[in-house]
Amino acid sequence: MSYEVKSLNEECGVFGIWGHTEASKVTYFGLHALQHRGQEGAGIVSNDEGILKGYRNLGLLTDVFSSSETLTNLSGRAAIGHVRYATSGTGEVNNIQPFLFKFFDGDFALAHNGNLINAKTLRHEVESEGGIFHSNSDTEILMHLIRRSEKETFKEKLKEALTQVKGGFAYLLLTADGMYAALDPNAFRPLAIGQMKSGAYVVASETCALDTVGAHFLRDVLPGELIVINDDGMKIETYTEETQYSICAMEYIYFARPDSNIKGVNVHSARKNMGKKLAEEHPVVADMVIGVPNSSLSAASGFAEESGIPYEMGLVKNQYVARTFIQPTQELREEGVRMKLSAVRGVVKDKRIILVDDSIVRGTTCRRIVKLLKDAGAKEVHVRISAPPLKYPCFYGIDIQTKKELIAATLSNEEIREQIEATSLEFLSEEGLIQSIGLNLDAPYSGLCMAYFNGDYPTELYDYQQNLSN
Amino acid sequence: MSYEVKSLNEECGVFGIWGHTEASKVTYFGLHALQHRGQEGAGIVSNDEGILKGYRNLGLLTDVFSSSETLTNLSGRAAIGHVRYATSGTGEVNNIQPFLFKFFDGDFALAHNGNLINAKTLRHEVESEGGIFHSNSDTEILMHLIRRSEKETFKEKLKEALTQVKGGFAYLLLTADGMYAALDPNAFRPLAIGQMKSGAYVVASETCALDTVGAHFLRDVLPGELIVINDDGMKIETYTEETQYSICAMEYIYFARPDSNIKGVNVHSARKNMGKKLAEEHPVVADMVIGVPNSSLSAASGFAEESGIPYEMGLVKNQYVARTFIQPTQELREEGVRMKLSAVRGVVKDKRIILVDDSIVRGTTCRRIVKLLKDAGAKEVHVRISAPPLKYPCFYGIDIQTKKELIAATLSNEEIREQIEATSLEFLSEEGLIQSIGLNLDAPYSGLCMAYFNGDYPTELYDYQQNLSN
Amino acid sequence: MSYEVKSLNEECGVFGIWGHTEASKVTYFGLHALQHRGQEGAGIVSNDEGILKGYRNLGLLTDVFSSSETLTNLSGRAAIGHVRYATSGTGEVNNIQPFLFKFFDGDFALAHNGNLINAKTLRHEVESEGGIFHSNSDTEILMHLIRRSEKETFKEKLKEALTQVKGGFAYLLLTADGMYAALDPNAFRPLAIGQMKSGAYVVASETCALDTVGAHFLRDVLPGELIVINDDGMKIETYTEETQYSICAMEYIYFARPDSNIKGVNVHSARKNMGKKLAEEHPVVADMVIGVPNSSLSAASGFAEESGIPYEMGLVKNQYVARTFIQPTQELREEGVRMKLSAVRGVVKDKRIILVDDSIVRGTTCRRIVKLLKDAGAKEVHVRISAPPLKYPCFYGIDIQTKKELIAATLSNEEIREQIEATSLEFLSEEGLIQSIGLNLDAPYSGLCMAYFNGDYPTELYDYQQNLSN
Amino acid sequence: MSYEVKSLNEECGVFGIWGHTEASKVTYFGLHALQHRGQEGAGIVSNDEGILKGYRNLGLLTDVFSSSETLTNLSGRAAIGHVRYATSGTGEVNNIQPFLFKFFDGDFALAHNGNLINAKTLRHEVESEGGIFHSNSDTEILMHLIRRSEKETFKEKLKEALTQVKGGFAYLLLTADGMYAALDPNAFRPLAIGQMKSGAYVVASETCALDTVGAHFLRDVLPGELIVINDDGMKIETYTEETQYSICAMEYIYFARPDSNIKGVNVHSARKNMGKKLAEEHPVVADMVIGVPNSSLSAASGFAEESGIPYEMGLVKNQYVARTFIQPTQELREEGVRMKLSAVRGVVKDKRIILVDDSIVRGTTCRRIVKLLKDAGAKEVHVRISAPPLKYPCFYGIDIQTKKELIAATLSNEEIREQIEATSLEFLSEEGLIQSIGLNLDAPYSGLCMAYFNGDYPTELYDYQQNLSN
């Protein structure tokens, strides 16, 4: 949840609703609960009596929809929306979703969370046959495949297209007649269905968005499923039988909001368990446990509870962190000017500290926090990471695409400890992580994708095969 | 710290620096650490070889100074800055501080945190004699008094003016020759002095701003003091001997950042002590302790530690709360659409909960949170407030100006409990609060102002005498 | 040139340059000279060593490129640009040109002035075969036809595509290797080639843009030509031999800037001739000649010169007319509140006036101006229009698409005079118009398109055949 | 009217209305007609049942009041407004008028057109007695003088203050009870009174604003008058008898809109007369007469009419000149890239041209235009200036404050001609100017201020005495 501190980023969030007089407004609130999944841009497309109308722009949701008029214009009883994560600074509104397509034979909108691993190949094929793409994103490919399909109905075309795209994806589509939700065969990305008191169906990347709009949870979308929602109600279909659960472990560890449940497991509770298990696996004598705000607070309180060592607020995060922040010069940084995170000198001075964090990517942030605590007088800083070391890139929707970015890919535990200048450093074991989450699905690693920890990718890698060697 | 949830508001924050080549940039970072004290507007005035230059505008600091050029233009080796709280929606840039005055005989800038209680009377007097005010704020009055003084030197004029203004104030002034910091005779508002590695002196409303710019704490400004900082160093003078400590208890309870120290007491620790003391005074059998984010988390963890009941994250606050948020319609609210705060259903379902909050003003927010938890399945919700009931208005710089706004001014404990629909409701005692903070100064209530709890105002009330009866 | 007063609108302006180190900056200045041809949006795509980079947005050119950084980012030695006219209020950045396409086999950019008359049919065909369009504009169709062509080279594909699109068009294309300019077989739209002192080639909708960037005029693009400009210089090719000059007469009458030459004829001089001819054809005894600012000033001065009646400034146009102007309420309008145009009472009072305008579309504007003059005391207002009556829609790039919008399509001269409440009303004859322009090309009407006056369309109408009956 | 081309600038425009239900909206339209008098900022203060409410900001009127809501908030039956000219780039909203003062004993608003010549002295006096100014502008001084006056009534205080300020001024004041308009004893600045059909009184800097709001002209405000308008109607009073007409000649020559009348003389007609007289005084054999757009078109048409030489549009001004225009680099300028003004090559090529302009300040603009025409092929360029040479600074409200800025202050006619590279150069004589305007008031120069031509200042110069020697 603390996108400023980490260099890990989720790819997106989606939300859709069918059958509500204020569909686009509900979508706005639903997307707001998913804002942590993407801050580059946001958009909503509504279905007003079969005509689709959309608005999208760069910026946070509340900036994109700063005028209620914009929302009011998106009239109709159904809508889908999207929040997008910024893969690079050069944001273009062209890439902001949902994409809205106006064909002579109808309007279609499309939103996507995840990452395709054969997108480049597919795009090359379509372009070679005269197709024209207008965005850099993977998402558009699905619509090309649908339009090129020779099947009869839209649903059949869609199912065919879904078997052609590979990787991690949660799709939402809106047409004149219905809303469609589809999940990849490994269920890498979360996607949940709920229902509002009024009967309207909602679909969202995380259950926290269902709670926010007052919808009760119906079920998770299962791998390989295509959910069709229209005025006749909800129908559950499958587009493939070749499925195997590989839910992204990082959703539990870092990305999802603590109040969300994924496949029945509450994220806060999973994190607290990770902290407890970590305390079991790597105990240490200390005066207090501190979590890195905000994502590691659950794990830290679990560590504290298990170890009996007091949990303290030794780090304070400035809640007014903005997108356009003027950076201190090098001179000022050397004088100690810092932003975002402050150590609480009155709390940590002369103390032995257990610092709980949820991951180490490059190690620079962790090193900075250790130094912060030491500068504030901490005697010892024992770093405890509530997940195994990140050693391999992810191609299913998280922005860690080369090994070079991962300190644990090349350095040993002791070498990392030295670099971050911690008194000690320990990671949660893979087994400990699996137990803490406790999915117990009938699949490897109880149904989790653990590839970033152990390189065991649950699918072929297609266009990304080469990235493994970087 | 959570300005969206409470209806309590601090009046402002000030920051100043003398003797640094990047004075305005350091001020920017210092003010950023004080942003929780005011979100309506911000400004900085710098002293470039005796010429004062200023910029101020409505909005958060990062919006006001969104271009680094604006800061670069504020060149010079000294600067003062201000963040302002919005007393009303009709914000005018005229009221944003620091105020910059350009007289034929020199430039002066002025920033102010607090509230004067004889401002109306003084303004009437000055206007009757031909003086012209340009803002609605109390702040300008001091400059009029200075200019009208018949004393010889600026410092003597300033001292005379300081004896004329009554109430709570922490002033920062900048002239061609020096920076001046003055605190009211009761030290209602906090004000601390620090020094950077380079030797530059800094003055700030809270010590967290000193930490943020890498300055070490020198001392608190004492009641009745006038600190003069110029190229000869720092000189401590007094403008009155009639002083008595009455530090605003609400700074410890709610306003100040947890990493700040006020008169040597760390705010997080004080809050944790309040939680512990509250657990001692009003124990209850329950399954978990939950704090209202973000300001009550310290007290909640103290309650948990003392009671041995686990501390859980049962409420999640959406960190993307914006200033311009489209509100749900009444219909949507009835369907359960909510923003900002979510209950974590997976955590609180079927549980007996101790909900720790730091204050109840009107009761509406608390009632909403209790309902949120119950809707998420909580069996019992025992509300514990880590401060005594707010019964009287404050006139020294906090925005509670009539009794009508205070539920505890008219209702009994049991009546409030009924209204907020809690299973039980208890407040920390006055004695408990005083002990938790532990100031032990030689003054009533160990040096705290407790007037909002017991009506014992440490000064005459001047223009506000009549407000007591509202 | 006075887009606020007329309801006639040009479709766009294009500008391109090859071989200049500041290509995008020159394009900016060239587009500025073409701003009268489109105010909805603007864009530029540059070619930096084969990589195309673009920026476009809604608004006037100076708003779109308000920061010089944006231009600096569009580095490279070639660029094309576009200003777009607003066909409707609901402007979308998606429709702003140049369009930039990034294919696996290269980057392409496309800008277009004109209107295709078989776009709907072509789009339907492409979509039926799986093609996806992303804008509402006709422009995109050309790129689809190019990509679907089975010819070998890009140039051959482009030529094939150019034979498939019908109507009025002036295209500019930019690729890694070259810039391409193509004109429709009737030369409805103007397009001229020039060369800068440095040797760089420029192509622009009007010669005024060549003058603005200091380029000397080389030649007009001829109907059916495809100009190829690359590092080897300029090559002139043709994609069809079936051509016939039908230059849009309204370019001379109203749209083009007076300092432009089209096919060798200066626009101001042509207009002055129209005024002279009009004075010959329809003389009247009066005290002064007044032109409607700004587009009819040339014709009015010609009328004055020919008739010997003094030319006066009897109407003043407020030069600060903005896009977002608050309109007077009906009550205020009835009290006489008016904007934009004022009659000069001191000049027109008690005078017999000849009012020269260049066209009457709905008649409402003309009626308003006559009233304005009468309210200011004019005794007689003789309206003289420096063109024949507009009776038929245009489908080649001017926004008059149904007869219903044209008062002269249904009313007689006398009926119009009554409606606009003029003392007398006369139009220039078709023959007079042709002589005034004096093109003398070997084609009907000396090479002009006169269809809006006489319904004699120089091409088949394809998708628009039905519009003739509306 | 062409603020981009000249370096001459008017100081401001004022508009006021009493007795209209849409007072602020009428003020908006009135100010729009005065926009040529000031483009830096704009503001309106309305009187709603005795409570004054204001809004002002930097930018053009249509930008400042871009939302009709802002106007709607300025409710009430009276209003005054102001457009301000930018004396420097560092515009501050503090200086934008009307100024709104809120005293314990009432609200007052103040707007000002002109320049005081003893402002510095008065300000020094007031500050020495403890007064505080908040803007850099002269305007505020009047309110200080009013508030310090010991007279009984507001009107008496105002009259006393008006005798203390010296120089050129047209003031508008608004109080709970009435609107006050005052003109300086020389009537340097124009100020006119009109009445709307509904009976509401309006006061404006120029009569074009009366016409724009449908008001009929009642009378000019006379030198030394104080007009009082309230619910009892209009009352004309005088605050001094020591008056002498010295109407700014530059208002006729350059500043005022051609459709305005000043003291009964139409500005367009005066300019046309200047052109005629210029043709008489300095005839020359040539092929055409060209005026510099837009301000010299009237004079040019007068010259053409008198001389019998055809009037042509040989220069075209780009009407889309923006405030934030990216400038061409030096290299581009050398290649001939130019903006704003274009010569019409097809018209001027090989021709002998008479170029009529209304003034030469530094000579750089004129030189550039001559070069433009020659580059476009003109054989001869005879420059004729429709006013005498500018040799002395102005202190009454025009921004020419030192002799250094004036080429004619130091160079002879022939030297200027050489510098601007004209074939010949002649100026209108002082006598010719006086006759062209034809005021014939009983005062030196028939009632005109001619000081910038001959140094004969009609008042003492107070603070500016020293400027004469620069």
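Order of writing sets the chain letters: A, B, C and D. Residues in each chain are counted from 1.
Simple rule for what comes next: a residue touches a chain if its C-beta (ideal position, glycine included) is under 8 Å from a C-beta of that chain, and two chains touch if they have at least 3 such contacts.
In UniProt terms the chains read A, B, C, D = Amidophosphoribosyltransferase.
All of these numbers come straight from a predicted model, not from anything done at the bench.
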item: Number of hops, chain A to chain D, where each hop joins two touching chains; value: 2
item: Centroid spacing, where centroids are CA-atom means, of chain C and chain D in whole angstrom; value: 36
item: Geometric centre distance via CA averages, chain C-chain B, whole Å; value: 61
item: Separation of chain B from chain D, taking each centre as the mean of its C-alpha atoms, in whole Å; value: 50
item: Chains that touch, pairwise; value: A-B, A-C, B-D, C-D
item: Interfacial residue positions of chain D with respect to chain B in the complex; value: 93-94, 101-105, 123-124, 127-134, 136, 140, 143-144, 147-148
item: Parts of chain A lying in touch with chain B, wherever the complex brings them together; value: 1-2, 22, 25-26, 28-29, 32-33, 35-36, 39, 60-63, 65-66, 68, 71, 196-198, 208, 211-215, 257-259, 261, 266, 268-269, 272, 294, 297-298, 301, 305, 310-313, 316, 318-320, 322, 324-326, 328-329, 331-332, 335-339, 342-347, 376
